[in-house]
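Below is a structure I'd like to ask you about.
In this document, chain identifiers A, B, C and D correspond to the written order of the chains, with residue numbering beginning at 1 in each.
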């Protein structure tokens, strides 16, 4: 295998699909949102994506059967248009690999007549957010007005977006495929399901679907624990409080 | 040379061959097992595998003749079906290289009509094992029952398998080539011939062949020495015993 | 996208164009010069260059619209011949990538009938320069005499030129495309607009154009501040003076 | 430029040429020998080798003219057969690159009817040698006897040969092109012209040519100075002598 390969399980009909990407990234915000969407919309897996740019590893499953590391494409039926959800284990690491994988995905999306691409991710701030905001960035100026109404904040996020969430929109634009990237405000130092909830709230309005956000409550609580510890440590580092038993067991998520 | 090349020495007939892989890996468990199998079954070398993804080095042999770094394919005759044994000096390092080399090997295996792939490796635990168990992972659910009877333990190994032992099964599955990966329990910090013995015991039952496992006894003893030293050092580090003259000369095997 | 792609916006006529390159490099000398040239000559953007060898990132702009990381080609009209100016966000990082991107650019330049290539960069000395000199290096011996008259110093710069400024001339020579690389003397440890001014003075004479160099005065002053701090720190390190409040906030530019 | 390119200056006739390689390597032993051979045999440069796997740099020459980093092929006339000498600035760094460059060189050599390949290098021992021996390694067993008569020592060098000196012979063997690698014993920590002299003595006998080895005397002395310092430091480190003013300014050559 020398290039990324999409193996389609079934050749399903779909109507003007919206492509929604949520792969692992900062705070796992996009991945948590996409995975819940797949569950809640009872989406069907229609394709596997294998790539020589993914780690040369296979995963041992509890049932004694191995599986390749991969990305997956799911299909969910919507009212007017259907949803293609791109989820998975990993993103490619190098620049060359990311451009190749994204190009292959856009080839597929174009063939399927994708009318809009929505990518999901986290916007790292280094701060803990009680009410994470949702930032957006689009491929064309007129889209700013169109998507503001969903409560997405435009023009306040700065810097660059690393990986699939940015490249799918950027490279899509070169093919005249419009897209919007939604980013949930997040600390960046822990898995942030609360930010994913905020993201999903906006997304569900956009897609006109319903998702039970309470399904994430347990993960939100786990994240809040981490967040509290981080805040205490930060304050302790500044000489403000004694952190007690807090230890350095924060899991950093890239 | 810009891609992996398999140069076949002879075009030999073979019956429904089983592909058995044992390349260098954790504890050298798979390599030791495969190399002994080659010797004991008097397998004939039928092909060399060269790759630009192997180190850019040649090996100086005692007789004054150099040879390229390579992998080798051996053929041994079995009762009902023959055995193709994949052994060698190295594995490719990067993901892209591993996918390419494995793809080339599977092309060859498919052409030869390989009916089953068995890969051999170590399962690193960080502990010393008196009686190493043999874990298995297969490409399809029904195979679990089929191989349990040989004493292989399924569903207890966790995480991922790195390199050829995993990819050959994983990528083979995409071509509908069934496979099983056998992993001998091993510490991971030294060359473990005892784990290779355990692996071979199971493998010989599966293949219905006989191999003199005592040939590995000297290497088993050398490994046990290392193991004892590791255990003493670990205990010493925990403040339990004084390790005496034990020094840090453990060779770590990737 | 698996190779560098030049997307031309318009198919404009041009007369015997001179290609002028100023991408990010040491002290940002070349980039500052090229960017000012684009502004002052009211050059029109005629092409975008995208590459899988650029970072896998997109840039979030203030207006809420993202854009890919890229290089750009601008066209400005000159008296006798026109100017193609190559500017942009980044250079490729690895050798292989640099050769590929430069090759694509030269393909384009050749098709457009480029008669001369001028590349702009900094010549790092590790010293602060009150009056930065401009060093030159050409593709063929007779060019030395031809360009000396503009005040360019030949034969005093040593070592090698890394990246596009060197490769465009070097690889161009293999296609019999003559070129000259201009390097403004610079410290290397900070953004040096003063060196860019010196470079532009020479370049404007060569191109017979006028550019308002005062537009860089603010950046020159900012650079001089850094330079003073560096000098103080260097002397302090040698035990000559106490640097007072000087801190290590020098931005190092590659 | 996406692959290694050999640009031949002239299409010269040659008789059963012997390919002699001496690129930068351990102790620069091979490079020094090849470069002197070029000078002494008044060899003519007949080809340049450019590669995207060489550093993305150009070299500034004293005369104000730049040149690409490259390898070169020279042709010298011999009594019965001619000599193709491969010399140059660098070797490629990665495995993939080394295999590609070597493959291209062998394509060229094959086309030119090369009858024998001789590669030159150093054999690093970590010791200083008063009378460096010359080790050899060949592609086929019968060659050992054939080359022993020149004073080359076979079967005493161990381990592997890294880079072009090994790959040219190893990959050449796959094309049935016989070769011998000559290695001058060397410390490895400094440029060793004395080892190059030893190498050339053997080589001149093999090629039936004369080379004035005194041309290297100045470099030999410079090397001996380094060697003495290294020995003193080593002994000092073992507590045997006080090294006096010796400082750590040894240049390590890869």
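By our rule, a contact is a pair of C-beta atoms (placed from the backbone, for glycine too) under 8 Å apart; a residue touches a chain by one contact, two chains touch by 3 or more.
As the structure is a prediction and not an experimental result, all values here were calculated from the model.
*Asks:* Residue numbers at the subunit B-subunit D interface: does the shared fraction exceed half, giving same, or fall under half, giving different?
*Replies:* Different: fewer than half of the residue numbers at the subunit B-subunit D interface appear in both copies.
*Asks:* Taking each chain's centre as the mean of its C-alpha atoms, give the chain farthest from subunit B.
*Replies:* Looking at centroid distances, C is the chain farthest away.
*Asks:* Quick one: report the Å distance separating subunit B from subunit D, using the average Cα coordinate of each chain.
*Replies:* Taking the average C-alpha coordinate of subunit B and of subunit D, the gap between them is 38 Å.
*Asks:* Could you put a whole-Å number on the gap between the CA centroids of subunit A and subunit D?
*Replies:* Measuring from centre to centre gives 53 Å for this pair.
*Asks:* Using the touch rule from the top of the page, what residues of subunit C touch 2 or more other chains?
*Replies:* none
*Asks:* Any two chains that touch count here, so list every such pair.
*Replies:* Chains touch in the following pairs: A-B, A-C, B-D, C-D.
*Asks:* Inside the complex, what are the residues of subunit A that reach subunit B?
*Replies:* 1-2, 7, 50, 52-60, 62-69, 97
*Asks:* Where on subunit C is subunit D touching in the complex?
*Replies:* 94-96, 98-100, 102-103, 136-141, 143-144, 154-155, 157-163, 166-167, 169-171, 173-174, 181
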